[in-house]
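What follows is a group of structures, each given as structure tokens.
Shared chain: chain A. Partners: chain B in the first complex, chain C in the second.
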Partner chain A sequence: MKTPKTPAVSRRTVLAGAGAGAVASAVPLRHGLAATALKVGVLLPRSGGQAQIGIECQYGADVALPILKSEGYPELEFMLGDTETKVDVARAQCERLIDAGAQAIIGCFDSGQTMAAAQVCEQKNIPLIVNIAAVPKLTELGYKWVFRNFPTGPMIVGDAFKNQKKLFGATGATPKTVALLHVNDTFGTSLAGALFALAPRFKMPYKIVEKIPYDPYGRDFSAEVRKVKGAKPDALWAVSRLNDAIAITKELVRQRVDLMGILSTGPGWYENAYLKATGKYGNDVVNLIPWYDENKPMTQKLKAAFKKAHPDLLLTTNQTFTFDACLIAADAFKRAGSTKNTDLQAALRKTNLTNNVGLGHAIKFNEKGQVPYVPCGAVQNRDGDLVVLLPQEAATGKPIWPMRPWRKR
Partner chain B sequence: MTPVRRFFGPLSRAGLWLGGAFLLLLLLLPWWGSSYIMTVAITVFYLALIGQSWNLMLGFAGLLSIGHALFVGIGAYTAAYLFAAIGLPPVIGVLPAVGLAVLMGLLIGYLGFRFAIGGVYFALLTIAFAEFVRIVIDHVSWLGATEGFFLKVSAADRHGIDLANLRGAPEMYYYLIMALALGALVLCRFLLRSRLGYYWQAIRDDAEAAQALGVNILRYKMYAVAISSGMAGVAGVFYAFYQNSLFPEIVFNIERSIEATLGSIVGGVGTLFGPIFGTFILTPLGEIVTEAIDLLKHWGVIDPQIKLDGLKLLIWGFIVVLIVLFKPKGLWPWVCARLRLTRPEAEG
Partner chain C sequence: MDFWTLANATVGGLLIGLVYGLSALGLSVIFGVIRIVNFAHGEIMVMGMFFALLMFRWLGLDPLLSVPLAAALMFGFGYVLQLLVVSRVSHLPEHMQFLLLAAIAIMIVSALLLVFGPDAQGVEVDYAWDSFAVGELIIDYPKMFAAIAAVIVASLLLAFFKCTATGKAIRACADNRMGAQVVGLNVSRLYALTFGIGAACLGAAGAIILLLFEVHPYLAPGYTLLAFVIVIIGGLGSLFGALVGGILIGVSEALAAVLFQPSMKTAFSFGLLILILLLRPQGLLGKAVR
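Let's turn to the complex of A and B:
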């Protein structure tokens, strides 16, 4: 297997000759390497607001190469692209990767950026294997070259409700009231809106007594937490990003807001940086999110390789879904026996992978390019580790619910 | 003197030749450039168009806007919605799109000027309106709300040219945005040398003196806001049909507004060619840094395993700071002087 490599040579030559280079030509280098390797453009937000998550996704791709080799999959050669957390850059970089010879694209973590890349791939007939992006429309627009093994927003919301019921049933502790605290950006508003609207349809045993939006760039959450305290909910349900999740936890402790539990849907509360920053106060939070199945053999291999490469980090959604995207690409390439786009597309359509790391039985795409059901799990923070509570078949521990009071930690 | 020569009046013979050669190079880009280069060029012209519109407000009339993404977004959403809902082709949809953008501009302008809100406070007003509209669209389900609004595209769209519906090959988008950006340049050149332009410049330089001489400040400021927001609305229509997906958080983001100003600041605020020159420096600069890093990795100067993500933004930011520090009037007047692109008595 080759190490990750940056794309294009001929464009570089032109660049060197062009001096100012503003109009440097980009002659594609499609014939530079033997056809035994599939050139995969890994397009992620490596700088800008989502840089940390993009880098974490890349870790999943990095460890995939040796694992896939050991599993007998053919060679993948990565070409790296940075969306800079911008939609138009995502589009330009996708064009750049394809011009430089990428035969498939993996990306892009963010829905808007993935949508931009999808259009380029659709128009250029290059398969796009989505690692993370939940916007339902992505696989509803009739695209033929987009393949997604990630739950859509409604799947995440539906599973969040189902897993809560199972959690409450298993522990015998059911909250009667819940406060919904959410970041006021596109992601947070959209997800919180769906949670709020769908709670009655799922006949949840509790009432959402307060819906509290907050500024995504906020640093002081004392007012929001005071509002939570005032509403006296049994549990708190948070839709957050990383820094706000850390700050909210600290504020909950400072104001001594003891709850039956904290539920989270979305990033933030399970991430490595959160666990480090909050220590024992980050314990017992239940995350209702897309996750991986620890009991699968491939997960064990991934976990071991990841621990070796990044001893200080825990394996999360970012790496596992990027890993599975690489696995999908390698598997399709193996079955297609060719790097030709139509062969890859046909092979992707017939994907039936059971040796993946994500939850669920198999990766099979429907006619829209979507895996019809990608289950989500319930994952609890536990002393710097992450314990899978649900689904039952992937569970690695028992829930601590109600959570331990702040003072007894 | 022919109208063409009159239009290019400030340019020297060297400037005309250089400009002509550059224009020819750009016209032939689809033949010599890759689709990646074309995508970058489309971004350059798109930002140049918005930059020109922003420059008209600040550079010509002295009105600072940091919410220009608002007008772009209104144009984008209006045309896209009318196309998706009733099949109104964007060639017609551009009229209500521009109309709404202008109305919004006039509303902000009236509130600002009527109550004598100027300078940074006017800028804050534009930001506030952009945020307000973003939040509204976040909650309007028929505009896709936070989930986004999408226009369908297919592989077939890439071939052929349907200018009325703005569906077609990348070359079509390239020539269209090029024409729009150059059209904005011509319009600004015309306005700058018209009575309107002189009034704006008088207001910009000393509003009280202009008023004392009988210039109706409110009216002429409103003209500036209306024309500027209309131009941004046109850019929005292009954006919607080129990107085919609209997310409120992305379209109305303040970052987009700031991005639109950078080309003008680097090129030269208040100059005619500054915004277009600035974007031609800034946007490709970022791409060149990326390519240079790749090149150094390829040559083994930098270890390929070292991840330099974000370095491009650091270098780009550093260069912008240098330009602003050492050429605060922008690069275009300096380049003109160095290369004698304009006649001594003329300005950019």
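Let's turn to the complex of A and C:
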């Protein structure tokens, strides 16, 4: 009787190997020092009421990848998340991205959704690099993992007051009364609050005669515009989202509400979809918003890449600040030399970027994770294009103010 | 607040209310006869909106001209849905029927998302930005045309139920199902016809509403809720009540917006709903159930 040969690989070896493999695969390589790419969860509203803006933000992230690579930055690997324009979904999706291995999060365009994501990032010790969100308390609550290169509501309002004075001074046309029409979400409410808190300090030449909060996802905006008309203001100050901005413009035209001008501090009125939907009626709106600096070399690279990828679209705040958020992530990863969360956090704290796209000198975070001053410009809609009026050094055209009457367009 | 601001708000609310009323008619027709609460109400209307959008894009057809086509298409959809699906659960408890229609609603939204995506989309007709003035009363053309179309469709529907043999047979089914069966009426066919007519109403309302608002798949639940508020105020099952409820909601929301705050609009319509439920639970024109 022959003794059976011992197989080269025994059953026990296979089991042990499988077990080891299972254990190894269960341990995420989140802290791998040799990692070549940083996994970044890009969390944006890709469906729901803010879908179009979220998708435009994503375009900024998409064009960032080849540009950053050509600039010598290490690779970013995007993991996409959809907030569905809902705060609770933003929280759940942020958790999902982190559980799936995201080593940093970029997002979320909307203040309320970003607040929810910030709480998750804080619990899980993962850096959140805010692309767009203005609510002040995001960087006032002592969070250690939140980094924002975007102006807060008071910064936006403060710059809006300064730029309005320059605009009125340059054109010699100053409104005496203004109606404020603002969305009643986290962003709109915080901006309206900042406006009333700061107005006395800036000694504006006009009186705010009506404050009209509204639901941006409402069906019909005729009542809102009727209320504006009833207040008989010289100018309208709008804090909007996208679809409501289009609908409000239609109502302003139909109800024949002729104004000296429309001043917007928020999204909506400069978006590509707005310009397309409103045509000549979208002209002359002045947007007092964070913008890009035409004079920066990186802006020219971004504009060229964006034009190539989306020839029919104009570069706006959405792509600019999402691009800068990607730049911040890549720069921190490069300096950290690691994907370890604490290394990334330490590197983010020491950020000192001057090759960014947005207006302002440099991206440096203070102890709260906020860039202390992110300036805003004045950008006017002009025949399907966007003309920078202010700051003077980045201006690309002269203002049309007062705006042209609706019936003479 | 001056007179003209209130007058403009009232007229605007009246015009939009007529369109809301037409959309609620579909819910009232189906409940009044089949006694099923259509939880896919808003979704069927949004299907009508998307159909009109496609007609505009492919054929350049004004949404108002798409009304008969949208109504016909949705009639077919409603007829088949009742015949093949809803009729098979009519013997089950009410909550099972609700769940079935809620499931159909979710499937419709998901299908619309797959086909059309999440973005808001609209039509740009020649008169989209136009209005006319009577003194200081300003009426915009899209809203006026939409209201006229809503009145025509609602009148045709009311005439159908009053004047045609089929309409009378459907009303007979609504009044006494057993009696209708005894006299030889084909109740299941009439039920399918009724669901089809209710859905046709929604198709027509969808095409009309596209003239006023942009469409996206997530719009549907809001319209379902609005229709429920309207028919409860007007009286569930009462066709004329649905129109009255629509006008009441339209006007009260418009007036609440100018007298108080626009963000109070919805609170006002729900306040009206609570008031009606407390004081006249059967609705303004509904029949009391003993």
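The criterion applied here is as follows: the second predicted complex is superposed on the first by the 337 of 409 C-alpha atoms of A that agree within 3 Å, B and C clash if a C-alpha of one lies under 4 Å from a C-alpha of the other, contacts with A are read in each partner's own complex, and residues count from 1 in each chain.
Throughout what follows, contacts are C-beta pairs under 8 Å (C-beta built on N, C-alpha and C of every residue); 3 or more make two chains touch, one makes a residue touch a chain.
This is a predicted model, so every value here is computed, not measured.
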Touching partner for A:K250 - first (chain B), second (chain C), both, neither: second
First (chain B), second (chain C), both or neither touched by A:G112: first
First, second, both or neither for A:I53, with chain B first and chain C second: neither
Partner chain(s) touched by A:K229 [first = chain B, second = chain C, both, neither]: second
Chain B versus chain C as contact partner of A:F187, first or second or both or neither: first
Touched partner set for A:V157, first chain B, second chain C, both or neither: neither
In the superposition, chain B vs chain C on chain A residues touched: B
First, second, both or neither for A:I208, with chain B first and chain C second: neither
Touched partner set for A:C326, first chain B, second chain C, both or neither: neither
Touching both chain B and chain C, residues of chain A: 46-48, 51, 55
List of chain B residues in touch with chain A within their complex: 25, 29, 32-37, 39-40, 43, 138-139, 145-148, 150, 152-155, 157-158, 243-245, 247-250, 280-281, 284-285, 287-288, 290-295, 297-298, 304-305, 307, 309-310, 312-313
Partner chain C, residues of chain A touching it in the complex: 46-49, 51-52, 55, 184, 212-215, 218-224, 226-227, 229-230, 242-243, 246-247, 250, 253-256, 277, 281
Residue ranges of chain A touching chain B (in the complex, touch as defined): 3-9, 11-12, 15-16, 21-28, 46-48, 51, 54-55, 58, 82, 84, 87-88, 91-92, 95-96, 98-100, 111-112, 115-116, 119, 122-125, 135-137, 141-142, 144, 153, 185-187, 189-190, 193
Partner chain A, residues of chain C touching it in the complex: 1-2, 5, 8-9, 12-13, 16, 113, 117-120, 122, 124, 128-131, 133, 138, 140, 142-143, 212-214, 216, 218, 222, 253-254, 257-258, 261-263, 265-266
